[in-house]
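Look for chain A in each of the two complexes below; its partner is chain B in the first and chain C in the second.
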Partner chain A sequence: MNVRSQISMVFHLDKCIGCHTCSVACKNIWTDRKGAEYMWWNNVETKPGTGYPTKWEDQDIYQGGWVKNGDTVSLKGAGKLKGLKNIFHNPNMPVLDDYYEPWAYRYQDLFDAPEGNDQPIGRAVSLITGEPMEIQAGPNWDDDLSGTPDYARQDVNFKHLSKAEQEAMFQLEKMTFHYLPRICNHCLNPACVGSCPSGALYKRGEDGVVLINQERCRAWRMCVTACPYKKSYYNWNTGKSEKCVLCYPRLESAQAPACMHSCVGRIRYLGVMLYDADQIQAVASCDESQIVDRHLGIYLDPHDPAVIKAAKINGIADSTIKAAQNSPVYKFVKEWKIALPLHPEFRTLPNLFYVPPLLPAMASVSEDGKYDTVSEHLLTGVEKLRVPIRYLSSLFTAGNDQKVVDVFKRLHAVRVSRRNTTVKDVSESQLNSVMNDAGIDVHMANAIFRLTSLATFEERFVIPAAHREEAIEMLENTGDYKGSTGFGFKEKPARGL
Partner chain B sequence: MLDFLLFGALPYVALAVMLIGSIYRYTKNGFQVSSLSSQFLEGRQLFFGSQFFHWGMIMLFLGHLIGFLIPSAVLAWNGDPVRLLVLEFSAFGFALSSLIGILLLIKRRLTTKRIQMVSNNMDYVVYAVILVQIISGLAVAYYGRWGSNWFASVMTPYLRSVFAFNPNVDVIAQLSTSNEMALLMVKTHITSAFVIIGIIPFTRFVHFLVAPVDYIWRKYQLVIWNWNNKEIRNSRNYFPGKSRDFRNN
Partner chain C sequence: MKLKLIGVSVSMALSSLSATAQDGAAVFKQTCSACHSIGKGKLVGPDLKGVNTKRSEEWIINFVKNAQAFGEKDADAKAMITEYGYPMPNQNVSDADIKAIISYIAENSPAEAVATEAAPATTASAPAAQDPALDPANASDEDILAGMNIFSGKQRLENGGVSCISCHNVNHNDLVAGGLLAKDLTKVYERMGAAGVNGILSAPPFPAMASSYKDNPLTEKEIYQLSAFFNKAASADVYSHQRAYNSNLLIYGGGGAFVVIASIIMLMFIERKRKCVKEDIYKRQIKSACSK
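Right after this comes the complex of A and B.
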């Protein structure tokens, strides 16, 4: 057992209101620069929809991620042979128009326009060429457009749905959509790292954050292709690739990443997971039918004495182990089993988990023309959900419907249990059967309810101390410097005249 | 005199500038070492331009390298006229491929507005020297037959003398051939080669100094630790790190 610690995340999709505050917070801090205008390290897309960049999930187009190759995995569209062969021109790389051409408006024209009979307008100009342009697409161009032929119906996940199932999704009365906020997953088996010919990308040992060394990136742009989530971006101005840094300067000072801190729906959770690094290859290359179980199985129980011992042998700090024990992510993913990885079939072992959206319960109209909101009718089983299970299983479980149903039974049981506590119109037999079916008790239901709806900042973000201060001990004998001028100064800070 | 400047002095100036400049740029300003790919802004025209150009260029480079390292093998190969022709024609083919490639790249850069936004003067300098280099190379092959023999028997000794710090300028200066054009082209080809070497640190040419050969034997995954967790939390290490151990202090 080779225990390592990983900062991981949970996004609760039922809570996302699609406000894009997260995206804007990230943009303001990190990508508000020339060459990065088009980048959204955090983006929120509407599902069903084509996403950003368009159809990013379709690996027949972009050739991202890993594929099983015997008892190991190889990169689908990059790697030693394919990558170096394609280094002069990368046929699978998304180009600007697959994202969108960033623009601004000529606001000054509004003021400078001569007096006349028409309203002055501020035309859109390209942020790349500076020329007037027709806007074709934007970072969330499919926002709320469920049902439209150009976006929703082009969703890549429909590959796995029959025509009838697809049509059912677009019936007006049953129309459904949900939001999917995405950031880099800081994967355990990152395809971006594996694909980089110059070794500029790496995973930080201490907390598992995946970074690009800007000094070593040479614009071979293989990571852009290899990341199946399209979360590594090419900066056309500097000639370097960039990606989500999980706000590591904030993490190191125990602040939540900007997207998480600002999240209006409070859908985001962040915490430590301990995992067994020796298993990565075996898990990443397992059979596709097992990939979710094996992936979730790589995370270790932080309360298990054997795990704690192995963690200490690996030099993991006590504070980190404690954070792992209090991790909200551990609860969602391992204890309650209601969070799933996005597209596990890409085999990068992502560390961002989603609580799939149960979506609104549907009330029917009763005989007297009123909405029937009696629990018994309102909270019917998961079979009556608006969104086809197939669709969600294509997103979150590599096609395993049962796994999604299991999660939904739990989420449903939590609602029935809370309904029982607050409205009190649930019969005991109904409650018992729902809870038994889901395999949870009232205690767990309350815990899920609490962390989902009432959790404080400290409960949602359990960030271990980075212990950056200990780094100095690797370099200097701190005792030697006692009483001297301090670590940061090169010379004595002499008092000025 | 000109000959001495071009073939006796220029090589050293170029090599020195290249070495010092590249090392300086790599160590002091790694951020500026990049192939500056523009595929993100324009991919379709780049495909033909870049592929034709680079594959031709790499093959020619390897060809010159073999001629430099093992000239006897080249001469032996050329002993048979059929093989000589095969070699000459493939080299000519690769040069044509590079030429077509670079012309496509130039056209692409000049006519694409988006690419214009990421172009600078040095990009055009690069195009110019490459054009001179490829065209003079083609001319040498055409006028002065057979270039591969000649490279192995004249050029290699000259280059080796340069690297031995005892440049034998005379071999080049006193080259006599019935064909004036061939002579002129040979001299141009050598001169512009050294110019290319000299301007490496100031242009996007740096990108082939950092060609990612080590990727071939590297492990795919890369994990980097800020510090050594095990050592730092070991209570027996009073002062871990550069092992200024308590006892030795």
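Right after this comes the complex of A and C.
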């Protein structure tokens, strides 16, 4: 057992309202720079939709992620032979138009325009060329099913759905959509790291954050192709690739990443998970039908004395182990089993888990023309959900419908349980059958409810001390600096230093 | 001063002349005898008997040094080249040596022959035909095979000379295509006859060939076997498959190379993401007048 710690996340999709506050918070901090305007380290997509960059899930186009190769995995779009073949170009890379051409408006023209017969306008100006441009696409133009023929109906996940099932998703009163906020998954088996010819990408030992060393990056852009989530971006101005850094400077000072801190719906949870690094290869290369179970099985119980002992041998700090024991992610993923990885079939073992959306709560119109909100109608079974299970299973479980159904049964049971507590119009037998079916008790239902709805900042974000002092001691002898640093001067004092 | 210089150069010229003049016989044997005889009939080139009286010394020097260039200026030389089908190879011999050869020829040309001039042209194989056992036409299959092996380099030359196929080609079913640097030897036996082949091989008159074999000459046996092979090759040529790519090497080779390089380049582009994924979306969009 080779225990390591990993900062992991859970996004609760039932709570996401699609406001893009996270995206804007991230943009203001990290990507509001020349060459980075088109990047959205955090973006919110509408599902069904094509996402950003367009059709990023279609690895026949972008050749990202890993493919099973015997008892190991190999990169779908990179590797020694493929690299040699494509040494002078990177054929499956998204081009700027696959994202969108970023622009700004000439607002100053509104003030400076001379008096005339026409209303002054602020023209759109490309942030790439600086020339006036025709806006053709934006990063979230598929928002809320807008442009449905072009975006929602082109959803890559539809290839697992029959034509009739697809059509049903766009019929009035049967329509459904949900949001899917995405950041870098800081995977356990990151394809971007595996693809980099310069060795510029690395996974931080202490918390598993995947970073690009800007000094070593040589603009190969293999990571852009290799990342199946398309969360590595090339900065055309600096000639280096960039990606989500999980706001590690904030994490190191015990603050939540900006996207999570700013989240209006409080859908985001962050905590430490302990995992067994020895299993990565076996899990990543297991059969696709097992990949969700094997992936979730790689995370270890932080209460297990054997795990704690092995963690200490590997130098994991006590504070980190304690954080892992209190981790909300561990509760969602392992204890309650209601969070699933996004596209596990890419075999990167992502560390961002999603609670799938139980949507929508179905009210029916009663005979007198009013909404019927009686529990037995409102909280109908999982099988009567509008959203096809098949669609969600292609998103979260590599096509395993039962896994999604299991999660929904638990989410549904929590609602029935809470309805019983607050409205008290659920029959004992109905409650018991739902709870038994889902395999949870009232205690767990309340715990899920509490962390979902009432959680405080400290419960949602359990951030361990970063112990940067230990990281520094690994590289330098702090004794060398004793007595040499301290008070600084802008101008030398007259008596000298 | 000037006089002194002239005196020195004249005396040098004289001394060099006297030094080489004695070697007329040796030079003739080394340089000319492969193709020419004196009074023994036509070999590859004409019988040189009495040439000293037929042509001026200057004419001979010009012809020997660069027959082709001279042929363009001189009608007699041109007629000579036309008669034999190909110009005599340029000989890297000094004027003095040529003069020595001329005097050697003059000494050895019987007077009566000069008077009657045109001796009846003897057949090409005449000198070699003296001994029928040595006639390549009667060679055994083993000798022909050995000759082919020598030609192709399968068998090393005894004195270490370079194998013929490096520069020459012979159309033969059992041989790969030979070099294109020197003349095609498929029909050499018909063209030059046993004596010519024998003469060229024993004392190569062509500068490149001469320098190649100067220090490692062919043995008589090798010459015989090669002659036998050339004889066989010339007669078997009509039955052999023509290696058309010999002359079309550039077209076939260049074409082949183009196909290989093009397919390597195509390999790079195969499976390539060729267009923006939003192309269909853009096509549906209504374009405003301002941007095309």
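To be clear about the criterion, the second predicted complex is superposed on the first by the 467 of 497 C-alpha atoms of A that agree within 3 Å, B and C clash if a C-alpha of one lies under 4 Å from a C-alpha of the other, contacts with A are read in each partner's own complex, and residues count from 1 in each chain.
Everything that follows uses one rule, which is that a contact is a pair of C-beta atoms (placed from the backbone, for glycine too) under 8 Å apart; a residue touches a chain by one contact, two chains touch by 3 or more.
Remember, it's a predicted structure, so these values are computed and weren't measured experimentally.
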item	value
Touching partner for A:Y202 - first (chain B), second (chain C), both, neither	first
Touching partner for A:M133 - first (chain B), second (chain C), both, neither	second
Which superposed partner A:P328 touches (first chain B, second chain C, both, neither)	neither
Touched partner set for A:N237, first chain B, second chain C, both or neither	first
Partner chain(s) touched by A:I61 [first = chain B, second = chain C, both, neither]	second
Chain B versus chain C as contact partner of A:W220, first or second or both or neither	first
First, second, both or neither for A:L84, with chain B first and chain C second	first
Which of chain B and chain C A:P257 touches, first, second, both or neither	neither
First, second, both or neither for A:P357, with chain B first and chain C second	neither
On chain A, the residue positions that both chain B and chain C contact, one per complex	88-89, 91, 93, 95
Touching residues on chain B, where the partner in the complex is chain A	30-31, 33-43, 46-47, 50-51, 53-55, 113-114, 116-118, 207, 210, 212, 214-216, 218, 220-234, 239-242, 244, 249
Sites on chain A touched by chain C in the complex	50, 53-55, 61-63, 85-86, 88-89, 91-95, 97-98, 132-134, 136-137, 147, 149-151
Parts of chain A lying in touch with chain B, wherever the complex brings them together	75, 79-80, 83-84, 87-91, 93, 95-96, 128-131, 189-190, 193-194, 196-199, 201-206, 214-221, 234, 236-240, 280, 312-317, 468, 470-471, 473-480
Footprint of chain A on chain C - complex, ascending	267-269, 271-273, 276-278, 280-282, 284-285, 287-288, 290-291
